[in-house]
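Labels run A, B, C, D and E following the written order; every chain starts at residue 1.
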Amino acid sequence: MTATVEAARATTGNAVRPVRFHQVGKAFGTGKKSVVALEGVDLAVETGEFVCLLGASGCGKTTLLNLVAGLDQPTTGRIELGSSRPAVVFQEAALMPWLTAAGNVELPLRLAGVPKAQRRAKAAELLELVRLGGLGDKRPHELSGGMRQRVALARALASTTDNTGSGAGKPSLLLMDEPFSALDAITRDVLQGELLRIWQATGTAILFVTHDVREAVRLGRRVVLLSSRPGRVVREWEVAGLAGAAEAAAVEEINAELRKVISSHAAA
Amino acid sequence: MTATVEAARATTGNAVRPVRFHQVGKAFGTGKKSVVALEGVDLAVETGEFVCLLGASGCGKTTLLNLVAGLDQPTTGRIELGSSRPAVVFQEAALMPWLTAAGNVELPLRLAGVPKAQRRAKAAELLELVRLGGLGDKRPHELSGGMRQRVALARALASTTDNTGSGAGKPSLLLMDEPFSALDAITRDVLQGELLRIWQATGTAILFVTHDVREAVRLGRRVVLLSSRPGRVVREWEVAGLAGAAEAAAVEEINAELRKVISSHAAA
Amino acid sequence: SRAERDPEPAAPGGQGPAAELRLGYFPNVTHAAALVGLDQGLFTKDLGATKLVPTKFNAGPEAVGALLGGSLDASFIGSGPAINAYAKSNGEAVRLIAGATSGGAQLVVKPTITKPEDLVGKTVVTPQLGNTQDVSLKKWLEEKGLAGKVKVTNLENAQTLDAFKQGQVDAAWLPEPWSSRLVLDAGAKVLLDEQTLWPDGKFPTTVLIVRTQFLQEHPESVRALLSGLVAAIDFANKDQAQAKTVVNKQLKELTGKDLKPAVIDRAFGNIQITADPVAATFEQLAKDQVTAKIAKEAPKVSGFADFTLLNEVLGKAGRPTVDAAGLDTK
Amino acid sequence: MPPLDLKDGSVEAGLDALDTPVNAPEGNLLRRIAARALPPIGAIVLGIVIWQVLWAAAFWPEFKLPAPIAVWNLIWELISTGKIFELFWTSVHRAVIGFAISLLIAVPLGLAIANIQVVRRGIGPLVSGLQSLPSVAWVPAAILWFGLNDSAIYWVVLLGAVPSIANGLVSGLDQVPPILPRVGKALGAGRIGGIRHILLPAALPGFLGGLKQGWAFSWRSLMAAELIATSPDLGEGLGQYLHNGMSLSDISMVFAGILLIFVVGVGIELLVFRPLENSVLKARGLTASAR
Amino acid sequence: MPPLDLKDGSVEAGLDALDTPVNAPEGNLLRRIAARALPPIGAIVLGIVIWQVLWAAAFWPEFKLPAPIAVWNLIWELISTGKIFELFWTSVHRAVIGFAISLLIAVPLGLAIANIQVVRRGIGPLVSGLQSLPSVAWVPAAILWFGLNDSAIYWVVLLGAVPSIANGLVSGLDQVPPILPRVGKALGAGRIGGIRHILLPAALPGFLGGLKQGWAFSWRSLMAAELIATSPDLGEGLGQYLHNGMSLSDISMVFAGILLIFVVGVGIELLVFRPLENSVLKARGLTASAR
């Protein structure tokens, strides 16, 4: 079997990459009814890099993140994971319904054995960060869609803070699956800013799925475009530090390419 | 008790309005822990009108739609519902996990007693419309987030077609809660176009929640802005037929107002 | 193949009086001797330091299980289950040491039935598969050539009464006090008294058995128990009226309900309270199991009885000893 | 859910009034208890009335359907002699202990069956097979193996309750949306942490149903086990009382026994399972009132 | 889930090869059946080996633990005389009929309890109380009311199974995410349509667990009911066979009876509930393998 995940340090050259895909493929099901979600994907995220993943709906972005997070196994190819356990923001909020908002944010800290007082403080701080201060004692079913998404975001941020134990010394990695899709423009702006701040402050690498080309260009240092059925890397753009007209041009170009990819699929 | 819902024809003046709010308020819970989601909301949707609802995350948009759909009762005020049963696209896809995609789309038709062959054809057609042709036999858990959202959209469209029986003669109404949030730009464009086409063809009134000001201005004839905690109607804009610079200006203005509303809330 | 393991070697000569003696009995008229002995404190009188733990059972098989499982030392029990206990443990686990009641079983029928032939096609009830009455009925039917022509049903006594009242059952072969209850409460007639089938009208209804190991280890305690039994039997036979009152009082205490005076009178009239287990009948009882098609071969009962202690006690009390009729040798 | 019980209040009364809705006072505990207790009491009273009417109509002879008053007299006798406490205490404390032990055995068993494929295939069907064995079947073996003591009784109870609780847990675990354990894994939950913090709480609503069934099984098994024997060591429980009624062919006593057992069943449901269930469902927004 | 069973194949072999993954042939039915059947058989064989060893070690006297071969001889005799079919048929057909009737009664009852607040409060606790009544408690009343026939047996079975199934359904319904009935309502489902098309299918995974428990209850109640009476009119079922063994103090026969009842339990689980459960869970992506 060629599909393996190496959790050991992957040293290609002499850089420790948080994650590297070697011709990774993923199919669901077997036989006639199988769906090939990803095929021959080569992708690497450098330490501290902010990579945005774009692609049509259903092209395999979530599948790719799941592979990185170790929640699924590739059917072909190989994934080298150099980072400590990646933190994940899932596409659905997927909050634990029996825990309050604060309890959900505390959960990864509890699993890591952080003492109670510290956990509390951290959770309160993170809820404040996602603009949910004072709502820590609400249950998931009492929150609006966007609020839930923000709690999930805070929870993922809480789980990145584990840089002790087995994760010590390894680069950290944050996987985010459309984390801002249910947020209004203003909240989104604020959180984008926070995310960039956290990224710069901690040096964590981020793999960020979005549908908003503008957001991808604004946040990412690199934008990766996936094709549909099967998902493959079509093209990449370096977009670090673009602003004003250059940014607009990049958005324009990526949009055009996206359109091309999607329509070619629709035609096929 | 002043909170009532009149499902009878509400004839104010001589126009039959699909829905009209009279000083509607909605609070969750009782006593100290109660949350006031909506307060003193006056809002009417005219027959065949396309109204977009904007507001910060957690301001009460979903609550408002639930009230219109009759899934919740207002705590104060009065709602006049002049339309036949409104069709709803929920914020979560909320597909029935035991039904295939096609089965989900067929469900409202089945509940309305449409014969099998007709149901099949209609479901296939609607799935084609949301660009999911050929995926009708997939189960919800085999679909990506965006695909699920599109199935939910198709399902809601299927449920609008009931214009017989008790709904006969009444204006129809479509409630949509961020239906395109999980879609890539291109698919979203296509579906926005389709939605406008359906709207024009059927003359159904639409109440459309979105976070994307651009989308609101593009689709809506009127844009309504809700404030947060409690949700009240802050301002309305007529945006029918705007294009080019006028459209950009409207977007700019609404964005500024939204920012003001949200920051004033944050300050409070 | 099974490892050989000797049954625990019993210390010859015993180990002195036991710390406690766990005695099983049923709240039933046929256990009158046990009820009287318990009520009057006759068993404890001679037991001395040995603590008596009376344990109430509802059915024979459970008492047999408790004896075989070693959580009961002695028990009053019907003769059928007693034979089963001996046979199923390959003649190891238990010994028959005394009788308690003899007689007291009748075939009662609907008034419309007047002769055995009338039973053809009818439903006849016995209390339990393989118990004394069940075997007796089946053997009797066999002898009358009625086997297979009569529906034999096993039903708990209490429910037999109800079913008989309802007319769902046409006849029943029951021990006391149930035959009396059917006669007095439900208008049944006696077609046959089992006494007429046995020589001298004697057959064992309730007997006392003891765990072999207990008997070997604590003969003093068993002797004390037996002297209590003999005293209880004396008590019951000397003053029947008093005995009836005592039995009824015990029944009330144990089950929350007593019997009607008429029922207890009639029941007492049909039983004999005696220490003689009528050992001579056991060979026949075992053979009857085959006739009744309960067993394929007759259970071996030789070596079952051990009346040494009983006869010692009876002798001391100046009463006639009982005859083992060869049942005490293998 | 019935619409919130609001007092009439004009909206113009001021916006502040809306911040804390003018609701029926929450503190009216009496009323809430009444709302809880009245319906079952009403149902019971109705039942007794029907019974009395049927009896008075002499539709059936008395030995088929006893008079309510006769049954009540029996129960009253038990109460006035204080015997009822012995009956309740003997049975209930045994059932609780048996249930607690069953829980300790069944939870690891259920977790293993639900999570380990080989165990599920190998042991799973056997556990269901065990569950289908009537308690009385174990009585002879229990007496032989354990003797006439509480161990035998607990053995019978365990064999009744463990498979049921384990199966209930498996069914609860099977319904956990797979995304939750995945999230747990992504948040760094190990094998044990995942079970403790994700799987068990997630399975709780389904598991509670299983617990209820498990309790019913253990209680019923206990009733069967109590028929074995009564001795000073064992004490007399409800099962024995019922059996006495049965062996005396005394329908009033049978009814009294059934009623007492029934009362315990209803009591445990109202005092233990109902509040537990309500709080679990409410915390997750699963209350029927949400519908 | 173990990683998909792929044959080694170089990725360079061409992209077309990937479109239909080179999997272990699905048609290998034999292997899949073996994978299903082996673990339980293995567990059973292990159990028998332990039994034989315990027996051979003469750890207990033979009347406490019968020889496996003695029990097998009894079973073999039943098989060779064909009597086993009578036993199975009598019991299983009664259980199936009783279960089916219970289902018809329990489903509306469960729906009413779960959906109507007054019924939940009034009847709910009583149903749980009924569930805690041992089946034997009903035997005297059943004979009195129905007589010595199948009706009495079905009555006992119903009283055992109905509350259990109803409670299982309630617990399944309580776990339905409230969004689903809301969606149903928004899609135009009425009272009946909502139950038929939304509530019942949504509650199915939880309900299946309840059904399993209900089956166990009805089967066990049947075994208790069959003890009522042995009579040619009623036919002899497994319960009677077991009871006869107990009456005769024949531990081998008791073991044979237990084994036969156990076999039926395992069989029903493997042939009915397991496939049902698997298909329901799989269709909803709730398989344990998804974890």
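Side notes on the structure shown:
As a convention for this text, contacts are C-beta pairs under 8 Å (C-beta built on N, C-alpha and C of every residue); 3 or more make two chains touch, one makes a residue touch a chain.
For reference, the UniProt names are A, B = ABC transporter ATP-binding protein; D, E = ABC transporter permease.
Small disclaimer: the values here were computed from a predicted structure and weren't measured.
Contacts with chain A and chain E (ABC transporter permease) are shared by B, D. Rotation angle, chain A onto chain B, C-alpha superposition: 180 degrees, expressed as a multiple of 5. If you tally contacting C-beta pairs for each pair of chains, D-E comes out on top. Chain A and chain D (ABC transporter permease) have centres, each the mean of its CA atoms, that are 46 Å apart.
Computed from the mean C-alpha positions, the centre of chain B lies at a distance of 45 Å from the centre of chain D (ABC transporter permease). One simple way to say how far apart two chains are is to compare their mean CA positions; for chain C and chain D (ABC transporter permease) this gives 41 Å.
Inter-chain centre distance (chain B to chain C, centres taken as mean C-alpha positions): 84 Å. Residue positions 63-64, 139-140, 144, 178, 182, 246, 249, 251, 285 of chain E (ABC transporter permease) each touch two or more of the other chains.
Under the contact definition stated at the top, the residues of chain A that touch 2 or more other chains are 92, 141-142. In chain C, the residues that reach two or more other chains under the touch definition are 61, 65, 68-69, 158-159, 162. The touching residues of chain D (ABC transporter permease), when paired with chain E (ABC transporter permease) in their complex, are 35-36, 38-40, 42-44, 60, 63-64, 114-115, 117-118, 120-126, 128-141, 144-145, 163-164, 167-168, 170-178, 181-182, 205-206, 208-210, 212-213, 215-217, 219-220, 223-224, 227, 239, 242, 245-246, 249, 251, 254, 257-258, 261-266, 268-270, 273-274, 277, 281, 285-286, 288-291.
Contact residues of chain B toward chain E (ABC transporter permease) in the complex are 69-71, 85-88, 90, 92, 94, 96-99, 107-108, 110-112, 139-142, 155, 159, 162.
Interface residues of chain B facing chain A in the complex, by the touch rule stated above, are 28, 35, 54-58, 61-62, 91-92, 131, 142-147, 150, 177-178, 181-188, 211-213, 255, 258-259, 262-263, 266. Looking at the complex, you find that chain D (ABC transporter permease) touches chain A at residues 179-180, 182-190, 193, 197-198, 201-202, 204, 280, 283-285. Against chain C, in their complex, chain E (ABC transporter permease) makes its touches with residues 55-58, 61-64, 67, 139-140, 143-144, 147-148, 228-233, 243-244, 246-251.
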